[in-house]
Structure formats: structure tokens, C-alpha cells
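One structure below.
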Amino acid sequence: MTLRPPPALLYEELVRAALREDLGRGGDLTTDSIVEAEATAVGRIVARQAGRVAGLEVALSAFRLLDPEAGAQIRVRDGEDAAAGATLAIVSGRARALLAAERTALNLLGRLCGIATATRDLVQAVRPHPARIVCTRKTTPGLRALEKYAVRAGGGHNHRFGLDDAVLIKDNHRVLAGGVRPAVERARRAAGHLVKIEVEVETLAELDEALAAGADAVLLDNLPLDLLRRAVEAIGGRCLAEASGGITPRTVHAVAATGVDVISVGWLTHSAPALDVSFDIDPTV
Amino acid sequence: MTLRPPPALLYEELVRAALREDLGRGGDLTTDSIVEAEATAVGRIVARQAGRVAGLEVALSAFRLLDPEAGAQIRVRDGEDAAAGATLAIVSGRARALLAAERTALNLLGRLCGIATATRDLVQAVRPHPARIVCTRKTTPGLRALEKYAVRAGGGHNHRFGLDDAVLIKDNHRVLAGGVRPAVERARRAAGHLVKIEVEVETLAELDEALAAGADAVLLDNLPLDLLRRAVEAIGGRCLAEASGGITPRTVHAVAATGVDVISVGWLTHSAPALDVSFDIDPTV
Amino acid sequence: MTLRPPPALLYEELVRAALREDLGRGGDLTTDSIVEAEATAVGRIVARQAGRVAGLEVALSAFRLLDPEAGAQIRVRDGEDAAAGATLAIVSGRARALLAAERTALNLLGRLCGIATATRDLVQAVRPHPARIVCTRKTTPGLRALEKYAVRAGGGHNHRFGLDDAVLIKDNHRVLAGGVRPAVERARRAAGHLVKIEVEVETLAELDEALAAGADAVLLDNLPLDLLRRAVEAIGGRCLAEASGGITPRTVHAVAATGVDVISVGWLTHSAPALDVSFDIDPTV
Amino acid sequence: MTLRPPPALLYEELVRAALREDLGRGGDLTTDSIVEAEATAVGRIVARQAGRVAGLEVALSAFRLLDPEAGAQIRVRDGEDAAAGATLAIVSGRARALLAAERTALNLLGRLCGIATATRDLVQAVRPHPARIVCTRKTTPGLRALEKYAVRAGGGHNHRFGLDDAVLIKDNHRVLAGGVRPAVERARRAAGHLVKIEVEVETLAELDEALAAGADAVLLDNLPLDLLRRAVEAIGGRCLAEASGGITPRTVHAVAATGVDVISVGWLTHSAPALDVSFDIDPTV
Amino acid sequence: MTLRPPPALLYEELVRAALREDLGRGGDLTTDSIVEAEATAVGRIVARQAGRVAGLEVALSAFRLLDPEAGAQIRVRDGEDAAAGATLAIVSGRARALLAAERTALNLLGRLCGIATATRDLVQAVRPHPARIVCTRKTTPGLRALEKYAVRAGGGHNHRFGLDDAVLIKDNHRVLAGGVRPAVERARRAAGHLVKIEVEVETLAELDEALAAGADAVLLDNLPLDLLRRAVEAIGGRCLAEASGGITPRTVHAVAATGVDVISVGWLTHSAPALDVSFDIDPTV
Amino acid sequence: MTLRPPPALLYEELVRAALREDLGRGGDLTTDSIVEAEATAVGRIVARQAGRVAGLEVALSAFRLLDPEAGAQIRVRDGEDAAAGATLAIVSGRARALLAAERTALNLLGRLCGIATATRDLVQAVRPHPARIVCTRKTTPGLRALEKYAVRAGGGHNHRFGLDDAVLIKDNHRVLAGGVRPAVERARRAAGHLVKIEVEVETLAELDEALAAGADAVLLDNLPLDLLRRAVEAIGGRCLAEASGGITPRTVHAVAATGVDVISVGWLTHSAPALDVSFDIDPTV
């Protein structure tokens, strides 16, 4: 399937808000006083570092929101890799609009490419093991749909989109429910028939309890490698095994080698550095 | 002056939106099926790493938006340093609300503490030089007010809040204006009397042009240390000198030693890793 | 678990919008010209018909949004049955606010009680069979969270909350994918590990195909009772069986008797008649 | 006059919100994983039952909001009758967009056609009497403009759009004002010169009081047919006579025969069942 | 009846937006850098000119939105007259919040008092004639509810709140309808039974046509006094007579003396000068 | 530089809201019942008074929001002067849309032209002195960006856009800071390097204090002409001198003659009368 960002309806309001945040009440003082209203320009979006592209159409929407007639040629598509210095897209339109939208476009693009690149690196690092790399709900407020998409652009998969699309019983829930079994039972009684139930476990004893309760998946949180391996064995395919907790590019291969099905990594969305991208007006046009 | 976040009016809508993004249409399936509606709980917000605190009141607002009667004791205030393992605040209220708000609160807090911590480290690194550390407009869409605040919590200062509060003539503007001098003149004619004009320069020749045009500040972009030093000399206090471009914790002291007034660092807001924070329900209460 | 509506954050904006829709730009012309600003009043929310209550706290929020100091005593809680003529709640506050909010409160309450009552009737009708009654995505635009909640208040369960919390492969998808098998395979490859896959089938041949493809659930659409029974047999517990299509209070017991796990009913949310509720000011107070 | 829905400005935000409610944060998981991004498709909106059409352009806007280039041919216009099985419109565009918008479009269309159809049936039932069928403020929160329009599409008329476009003195107002006369007098003093005043009456004595006070219209609430007839006589054309309360398709003709000018029916908007409509992708295109 | 502003629900979002417009992304730079976060203060809202008060509670909401615990004592209520120099209210709360909200509060208050004062002057000028002073739809975008309220605070009445609460057939409509009679007939057929129909006329011939068509009111636009007088005679109480067009405080008495029922004045809302109001921190507290 | 309004993104939401405020829930009752849905029309926007044009594109957006295919020919551009009776623009499109948008368009245009015209008159009155005419923050809630733009269209300049783009130390701040010097020092420490600091002074002694503290500008508030002159002398070019307080078209020339750099005038935005503009459908088209 071709990778495509979610419908513009899911992110356009965010881009509008970002533009308004930057334009304030006075608009682009610099550009409006220096560049003629009628002037047009052509500029390139350039990746200053090598990386995986994500969010290019999202970024281009910033230019179009300020100049509905702005045109764009995409050179590297979301989900593809760009070399350092590569032109990702060429944008043409009213010069004032291009300059006023530049920072908003780049802020979005740099962040999403950063997430996609970090994901790609992890996905490549686990090979040839079949474990999936997934992100968590540790996303930037307001950007979850886009950041989850960037993970997919990097070859990763998505964990829950929010609190309402699956049950994940964590430590805090267990404390309040008085154990894993009653927690799973209550959840099963209440949740819809298409809702899976995952249980976070920190010991093999807890794993047994989760398996006995019939969990669809277990989240093996912060287990050392040998325990992870024993946990995968204990599970024996009866449910999905997800590893999480402090996983880094260096350790991810070893984690995948334990046989877990899924490796979830919070820092993909909360701490991956932005990719360095720029927008350069072509002085010759 | 005591450090305080901007009025809740400037961020509460963001927190609401972040909660809605997580709650979706079904709310917290896990908690609602497992924890009694009447149950109350007490939890601690804990810094798992040492760092500078920022955004605690912002994060606490997430709990209060789901339980208006939730109470909180703040232990470490914004602008103060927390040791690894330190309790930042103790929160009490309806258990369902605390668990449903947890991730939103932590996502905001971790990000803002991460920015404050990175800023603090740079601010300490430039001592005893008087150069200020400032952030840029490379902020997360929708979070500019909060991220700029986190920089202040780290001891840094803020550059422009947006395109409408100062004039910053960059390369793209110069290309379109046909030189620094006409650009500065047009800006001066158009801009209000409380608007300063800064000019980005990449060579000493451009610096001369900017000084001659009467810029209030110059942005010395990506200049090597020796050129920076010569630029500061050439300026001779006639305007403010700002250094930018690829500045890292390792290089920042040397940059400050050149005598520049301001050092701007984009990655403070686009790439600083989040601080690791958690929320732990107290099982004994 | 005690039944509770979703957090006010998920519906308060809807109630505000409904109040604004009714107040227009001039407010309540009638009340404002007839009732003194200082006057207070007490009124009863009454069920004119017997039914299952849902949405009482939601409805009360309308009064509080116009008079933050309005008080309420709830007499019949969400999820409980009310007799015809029963007082559901007693509300006190500024008379102008109570009268201006009345219609908005009743419009919400009547609709949600109507859904809960219809659901309850179906749930009772399937006894003693274990089949669950579930609603669909055929909800009123803007009210999905509340209508899904009303179904739970009636003893029913919820199907998907939206397009992003499970995969449901329908006829249109099969047409475009070129068959059930490729559709299921593509979905499995793309969807997260906590996402279940359900397939709509209209014949036993399609059922076989879905089972072979490893669907987590099948939606048996508009099958006559004997085919439903044979389908349940064919499934033999390998996945969940959901019946749908034209199910009425009269036919639901027979459908449940076929052994299906889930019965989905669209008209619960798109066509259930509102329960008749009124608000009567107490003339003696 | 040709029937037309209100300007898109009055409903487009509702349609956007409905789409977002369905798409959540992850979009259409099923379609996005199964159907190619570039694939186009053609589908028919079909009335599975006979009925009066309303809201077709509103429903089509859902498709266009996800694919701005989607095309549509309308076959049966708002205000016209459709036979069972009739194609109302043919829609073409990107397959992903059509499938993702389908449910939102149908939810709106089914509801509005349901209201129009129920209204049409009442309008036809009162013939040859001149009484108008009107709806009330018992509408779905957020959908008042559209539901009032659907009533017009059914041949009915609209009562007040909200609390600020006419005065309607009800029982609760009379209690608080201390009688009909003071209530009408106060309203006349306060209200604008284009605001009519209607008074709800339940007895002939109250009717006399309302007539004496100079009401522009009286709402004869829940009066038996013989009393209705006597009330119409007593009014003698001095003001408009509106009947309301428990009016059904079976009783409406007799009510109209009493000579009332207006018959208001709450269930048109709160309880009319949705018309069954579907969207079928054409497998041959 | 005591005068009261519309429910806060109808204006609070406007006040929030106005505060955000002023606070931008950085908040009140001046106050936040100069005044301690914990400092409290007391200030007076003072009328620097004599005038009629309107909007005091609206203005006070600005302070409370920044400091929910701010207190206020109202000294002169909406609808009362204030002498020059009079204290309208005393406000106490956090000093930062008071200073940051000051301009927003005063901008709203000055404008609304200005409208109320101008209205009061006209109302007094028409005495002892019974003609009502009414405003038009020439209001400030976003402030209609409040400006209409300010007119009422000045003793005036409101014309239509918008395009949907009465029919007003103007010149442009007549052109497109092909005459007054067809226009009135079409409107009567379409509009609800509580909707009045007014017709703008510019000559006595047009007046006759409007009367013959059964208009509920006529708008005598820009008629000289003698024609106005003849028009009132011609109407003979058959419908309401409204005068409009270039009416000033000097001419209004003479217009009222012609016997018209209503005098509408656009400049009350589009051009009345703001009342000069200030906020002074008490240096002794 | 050609004068252009800020990007539509900064005002379109305001125009939408203004249209919704006027259309209510029922739309334009008059037009929709009288004018055929298919009818098209051509109309002229006419200046009934001579004045400076501002906001024409803003006003035209109202027509386009109701009829995306509406066309417009602009005859007099923003920033140009129009004679009384001049056609500013010719608009064509669906007749219903033109009539429904008319009032919203004119309300915006009249207000903005009124501000531009008043500004132009002041700008011309100060000639040949170089003093700039600037507006203040005394703007209409929600319209600041547009009203500041109208001032520029009149040849004026803008003071602060809000509380976050410069420091302005007023009387209330001085009271709370304990003097001008500590206030300026605290502000300099906290504010960014591109933020100027202005100090309001009412006496020459305070002026000295402000100069000594190094203010970038001083606001000479309500000083009589001779004191203004002495203040300008005392400043001697060390900082910018701004005069304010009760300046009228009659006094502005004399104020400018004192040598101040800037003259700020609050009534430009809070009390300038609207320019009289109309929209006339062409009966011959």
C-alpha cells in the first residue's frame, strides 16, 4: 500500500493554528515591509541531513494555506529515504506567503522526519527478527495522528491511538483492582467484542497470572534479556509478547532476538531529534 | 521575580485538546472498566532523572480538568532543580480521573522539563561570560508559549515570539530585497517605533553593510570562532551581536568567549530529549 | 462497576453549543422579559413515560452552564429504571437560567433515555441467551460518545467507536481488494497488534473464506435464521459471530437462540424514539 | 421557490466534526490498509425505502471534505420523493475518501430524510385543511438548522428557531409571572417591534385571558378535539391558533379539521425514524 | 425588570479571545517582569466622562478569567447613569492578572457604555413622544449580542437580531422579486407563523403597495418630515411605522413628533464614540 | 510597498463568525423566500461619503464565503481615496449569497474605512512635521489585526500589537514597582534582546528618571504643549518621544510641531465613525 498521511481534515486545523501562532496579530513584519505583495518566488525544501521523509504533504499545506495557488513538485515522497542535501520538494507561489509559511512548514517537517528516521533505524536494527517496532502514547499534545503516521513512514507500527481503542492494564490499574485476574475479568465484561486486552507484567509470576486470565497480549516492562527470553518461552505463542522500557538502537537487536513480537519505544515520539531541513529561495528565479 | 507559567488561558485549551485526543470517543476503557467511579487515590509525580522543572502547574491542570476537585501539593517548583527520584508533586482525587489524565500530564511535563534542563545546561556552560542563551521559533506547533516559558525556566531568554514582534532580515529576504540596505530601510519605514531590526549576516562584508544600515542587532550565522571574534570587534558595541548555527553544549562556552551578547539555539525546542517523569499511585492510600 | 458518563470534557462543549444554538444572539426573550433576574426557582425533571435513565448528569450540566450555582438532587441514576411519572431529579437555581436551559437539557435527556430504554428492552429480550446487544456507528453526528454511553446504560455493549479502533472489512472493501483473503492479509500487515479484524460475510462460502483468512470475528449480515445457525456451527468457536441486519425486538430472541455472540442493531442510535421527559417549575416554592 | 439547504457555512463545521469523530486519530484503518491511495471509485447513494429526500447536498459535502475533487450527480433533489431502491446520487472520487466518508454522509442523510418523510406524511394527512405542520425546538443538539430545513423539505414550516426570535409564554412562565396578563404586558414592553407573542393555554378560561391580553397567537396544548373546536370558535380569527400535544399521523387530520392554523409536532425532530439509505461501490468501474 | 447582560455563555468566549489577542504568545511582558507573581492589588474602574453604564459584568469577567479568585464590588450598575469621575467598580486580585486584563476590560466597557450613552440621549430626546429608539444590524462583527444589550441598557429596543428572526424586505429584494406584493406574498408563504414581515418603502406609492400586501410594519427610509407625517396618517394604525435614515440627536425629536412608532438608528452601534473609562491601581493598598 | 491586508488566515474566521452571527440558525428568511436559488445578480459597493479605503478584500471575502464562485472587480484599492459616490467594487454571484452577505461585508468595510479615513486626516494634519501617527491597543475585541491594518491604510503606523511585543511601563506598573528605575531594570533583565522598553511619564522629573534608566522611548502623557516642547528638548534625541492623551484633529498639528517623534491616538480605533458604504443590486442585470 502506498503510504499517505491521514486526511487533511485531521491535521489542517493544526497547521492553521501553527501559522496563526507564528503570524500573531501583525503578520510577518519583516517580509511584508521588504517584499512586494505581487512578487512570486520559487524555493526548495532541502534535507540538510540524510533521513527518512515523513510529513511532506503536511508541510506543503502550510504554504497553500497562505497562498491557495502555491504549487509544489514533490521529489522525495513520504516513506522514502533522502540523502543529505537532497531537495525534497520545490515550491512556487507568492513570495510573501512562502516566507511567512516557511518556519511552520519546516517545524512540522523536521519533527516528523526525525521520528520517521529514528523509527527506520530501529526497524533496520532488528532485522532479521520479525519483531515489530511500535510507538506509544508518549506523543506531543495535538500531534498524535501525525506522529503515529511518521512512525508508519519509518516502517514501524502503531500501538493504541488513545485510551479508547484497546485495554492496557498497567501497574496502577492492578493496584486499584486488587490483582491481574479481577482486572482482566472486569475489562472483558465491559469492553466491546473487538477490544483486545493487554497486561503489563514485571515478573514471571505476574506473567503467569496474566496468561491464566486470558490476556490477548502482555507488556513485558523493563525485563532483562534473560527474563525476556524465559517469558517468551513461558508464553509459548498463547498471546502476543511486547517488550518495553529503555530500549535503545544499541539494545534493540538483542531484545528482538528474544523472540518478542512487538517492541515499543516511547522516545521515538517524545525525544527523537528533528531532522535538519531548510527552505531556500532560488535567487535566480 | 518568581517564575510563573503564562496565564492558564494561554494553555488550557491545549491541555483540553490533548486530553480529548487521548480519551477519544470512548474514554479510558481500561480504567472505567476496572476502577470504581467513587474510588479516590493519591499519586506522586516523580522525576526519574535529575533535571530542571518546568510546566508542573500546566501538567497539574490536566488532572483538574478531569476532576475539578483534585488537589495537589507541589514539592519542586518550576525553575528549580530536581534530583533523580525526586517527588515533584503529590496529587489526590478521583482515581479514574487521575489515571485518565496521567499520560497527558506526563507528556507535557516531560517535554517542558526536557527543554528547561537543556537550557539550564547551556546557561551554566557559558559562565562566567555574560552571553544570554535564547531559543528560536523552531518550536512545536501549538506549544510555542509553553516551550518559550520552559526556556525561561531553564534560565534562558526568548527570541521573537512570532513574526510580528520584531524584524529579522534573513538570507531569503535579502535575496528578494536586493541587498541589506534597502531591506533595512524598508523595514524601518514600515515598522512601528518599538520594533527592533536584526539582520542575519554570513560574512564580515555583510556585517559592515548591516552596521551601516543601522541594524539594532546582527545575527552572525554559522561563523567560525575566529570570525565571530572579529565580528564582535567590528561591531564595537554599536549593536547587539547574536551567534547562531550548530551550537552544542561542548562549543557554547567558546562561542560565549568571543564576546557575543546572545547565543540562539534551535535544538532547545525542536530536539531536546524529554525528561523521564512518571506518575505512581500510592498503593497504601 | 458503577455506570458513569464519560468525563464532562467529552460532552460539555456539545452542551455549550446546544445552549448557544437555542439562545441565539438575544437570549431567552420570553424569560428575560417576564421573570426577575434575582428570582430563584425549583423544578422537577419528570419521566412522563417509563424507561431506562441515561444522561441525567449530562442534562444537569446544561442548567449549571447557565447558573454555576444551580443545585441538583438526583433521584433516579443513569442505568436505573424509572416509572412513568417518576421524578428523576430536582433542580434549584436562578429561575431565568433554569428556564433558558430547560429545552437543551430535555432534548439531550430524552434522546439518551430513549436509546437506553430501547437497548434495555433488547437486552431483556435475548435472555437467557448470552448474546450481547451492541450498537453501531450509525449515531448522531456529534453525539457518538454520549449515544454509545446510553447503550451501555441500557445494558448493551459498544461496537467500534470509530474507524480507527478496529478493522471491519465490508462488502465495499472486498470489492476493492479483490476478495476476503487479500483484504484480511493487508489489514493484518498494517494494523497494530491490539487491533482485531472482523469480516462481513453474506454467504457460507464467504464465511469459510473469512475463517480461513483468520478473522477475529465475522459479521453475518442479513442471514436468515437457519443460515445463521449453520454459520455458528461452521464457526465452531474459532472466532466471534456477530449477527446484524433488520433485527427487531420481536426477532431478537430467535436470533440470539442461534448461538451468535453479538447482535448489532443500528436503529438503537438512529431511530429509537426519545423518552418523553419534562421540567416542571414548582409553583409553591 | 426552489428548496435549498442553508449556506454550507451553517453546517460544514458540523460535517467536519462528524468526520473527525469517526476518523479519530488513526483514520480509516480498514480502508487505508486495504485500498490503494491512488484508487478511484464510483458509488451510488440508494434509498432502501421510499421517502422524501432532504440533506443530499449536506451528505455530499462529507465526501468532498475528504476528497475536494470528488464529483456528484444528483438524481433526486431535496424536497422530491424517492421510490424504494432509487439512486439518489452517484458519487465518484478517491476510493479511500469515499469509504471513509460513507458512514458520516449516510448518518446525516438518513436522519434528514427521515424527518422530511415524516413531515410529508403529516402534511398530506391534513389535506384539504389549510393547517400548517410545524416542528418545535425539540431538535438534536447541534443539528437545529438542518432539522428545521428537513421539515421544510417535507412541506412543513418552522416554529421558532430559538429562544430569541419570538416570545412563547408557557406554563412555567405564567407561574413565575403570576398570570397571563402581566406576562404578556412585560413581554410586549421588552420585546422588539418585530417580535410576536404567543401564549400557551390549557383551558378556555386561559384562552380568554390570552385573547384579552392581546396575544398574537395561542398554543392550545393537549386539548381534546371538542375543546379545540370551541377554542377556534372563541378565537374567531383574532389571533393564530396552534394545536400541540400528542398529535400522531392518525389524529392529525381530525385536529386540522377543528380549524386550527398551525399544528406543531415535536416528534418530527426527536423521534422520527431515519430513512434507510446505503452507499454501494460499483464493482464494475 | 432588572437589566442583566445575556448569559456569560454568550460572551465569555469573546472575552477569552480578546484576552488571547492581547496576551499573544508571551503574555504581559511588562507586568510579568516588573510585578511579583504573589503581589495583590486593588483598583478602581472609573468613568472619566459622565454616561450610561453597560457591560460592567462583561468587563469584570476579563479580570476573573485571568484570576478566578478576583473580587469585585459594583458601584454603578448596568442601566444606571454615572457622573464624570465616578467609580463604577472596585476590583481586587492578583496584581499581574489585573494589569494584564485591564485593557481588554476597558475596551469592552468603553464601547458598551458609549452605545448605552448615545442611546439614552436619543431616548430622552424623543420625550414625550412614544416612539421607540431601536438599533439595527450595523453592529461590530462578533459583538452583536453585547451591543444589542447596550442599546437596551440605554433604554432603547432591539430590531432584528439577525437574518432569521423576521422578514425585512428592502430595496434589493424588491428589485429581485419584481415588486412589493410578490415579495410579501412569497415571504408569507414561506415564513413561520411567528415571523413578522416589514417592508422598506421610499415613496407613498410604495407605502400603499406595502399596506395592500398586508405588511406588519413599514420602514420609512430617508423620508423628509412632511412625508413622514403623511405616511403615518396614511398608515392609520394598520401597521407599525418605523423611520430610519440619517437621524441625529438634533433631528430625532422632530421625527418622533411625526407619530412614527419606531426610530431606528444605525450609528448607535457603528459609530457611537466609546465612553472614556480607566482602571487605576490604588497605591495605598 | 503595496498595501495588503494580513493573510486571510488571520481574519477569515472572524468573517465566518460574523456571517454565522447574522444568519443564525434559519439563514436569511427574507431572501430565501423571495429570491430564486438559481438567480444571479451584480451589485456595487459604493462609498456614500468620501474617505480612505481599507478592508475591501476583507469585505469581499464575506461574499465568497457564501458563494465560492462569486467574482469581484476592485475599483478603488485599500490605501486609496474614494470620492463620495464612488464605486469601490463590483460583485457578481448568486443573488441569495450576495444579499445574505451584504450586511456583514458592509459592517466590516465601513468600520475599517472609518479608521483609515480618520488616520489619513491626522497624518495630513501633521505635515510637514515628521511625527508619525500611531494607534494604540484600544481596539475592538477580535478585530485588532484588521484595525491595525486600517491604520496603516490611512498612512499611520502601529504601536504594540499586544502585551508581548514590547515593554510599556505605565503608571500602574510604576506604583507596583516602586519607581521607574527598578521597573526599567527588571524589564531589561527579563525581556528578550529585541524588545524595546518605553516608559510613560507625566512630569519632567519622571522624564529625567526614565532617561537615566535608559528607556528606548518615553510616552509623554497628557502634557500641555509647552511642557511637551521642553520634554523634547530635554530628551535631545537620546530616545524616542511619543505624545499621547486627548489629541484631536485640531490639536495634532501643534503637538507635532513640538518635535515629538510619535503621536498616539486611541480614538482612531475606539471611536472613529464608520464610513457610510452601501451595496446596491444593479436592477438592469
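Order of writing sets the chain letters: A, B, C, D, E and F. Residues in each chain are counted from 1.
The working rule: a contact is a pair of C-beta atoms (placed from the backbone, for glycine too) under 8 Å apart; a residue touches a chain by one contact, two chains touch by 3 or more.
Not measured: the values here are computed from a predicted model.
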For chain C and chain D, chains touching each: A, B, E, F
Option reproducing the contacts of D-E, where over half of them reappear, out of C-D, C-F or A-C: A-C
Longest centre-to-centre distance from chain A, chain (CA-based): E
Interface residue overlap between copies chain D and chain F, same or different (over half shared): different
Centre-to-centre distance between chain C and chain B (centres being mean Cα positions), rounded to whole Å: 43
Between chain F and chain B, distance of the C-alpha-averaged centres to the nearest whole Å: 32
Of all residues in chain A, the ones touching two or more other chains: 1, 21, 23-27, 32-34, 100, 144, 158, 161-162, 164-166, 168, 186, 190-191, 195
Chain B-facing residues of chain C, complex: 1-4, 6-7, 9-10, 144-145, 148, 158, 161-162, 165
Touch list for chain D against partner chain B, complex: 21, 24-25
Interface residues, chain D side, partner chain E - complex: 1, 132, 134, 157-161, 164-166, 168, 186, 190-196, 198, 216-217, 240, 242, 261-262
Chain D residues within the chain C interface of the complex: 14-15, 17-18, 21-35, 39, 41, 43, 95, 99-100, 102-104, 106-108, 110-111, 114, 137-144, 161-173, 175-177, 182-183, 186-187, 189-191, 195, 267, 270-271, 273-274, 279-281, 283
Contact set on chain A toward chain F in their complex: 16, 19-20, 23-27, 32-34, 36-38, 65-66, 96-97, 100
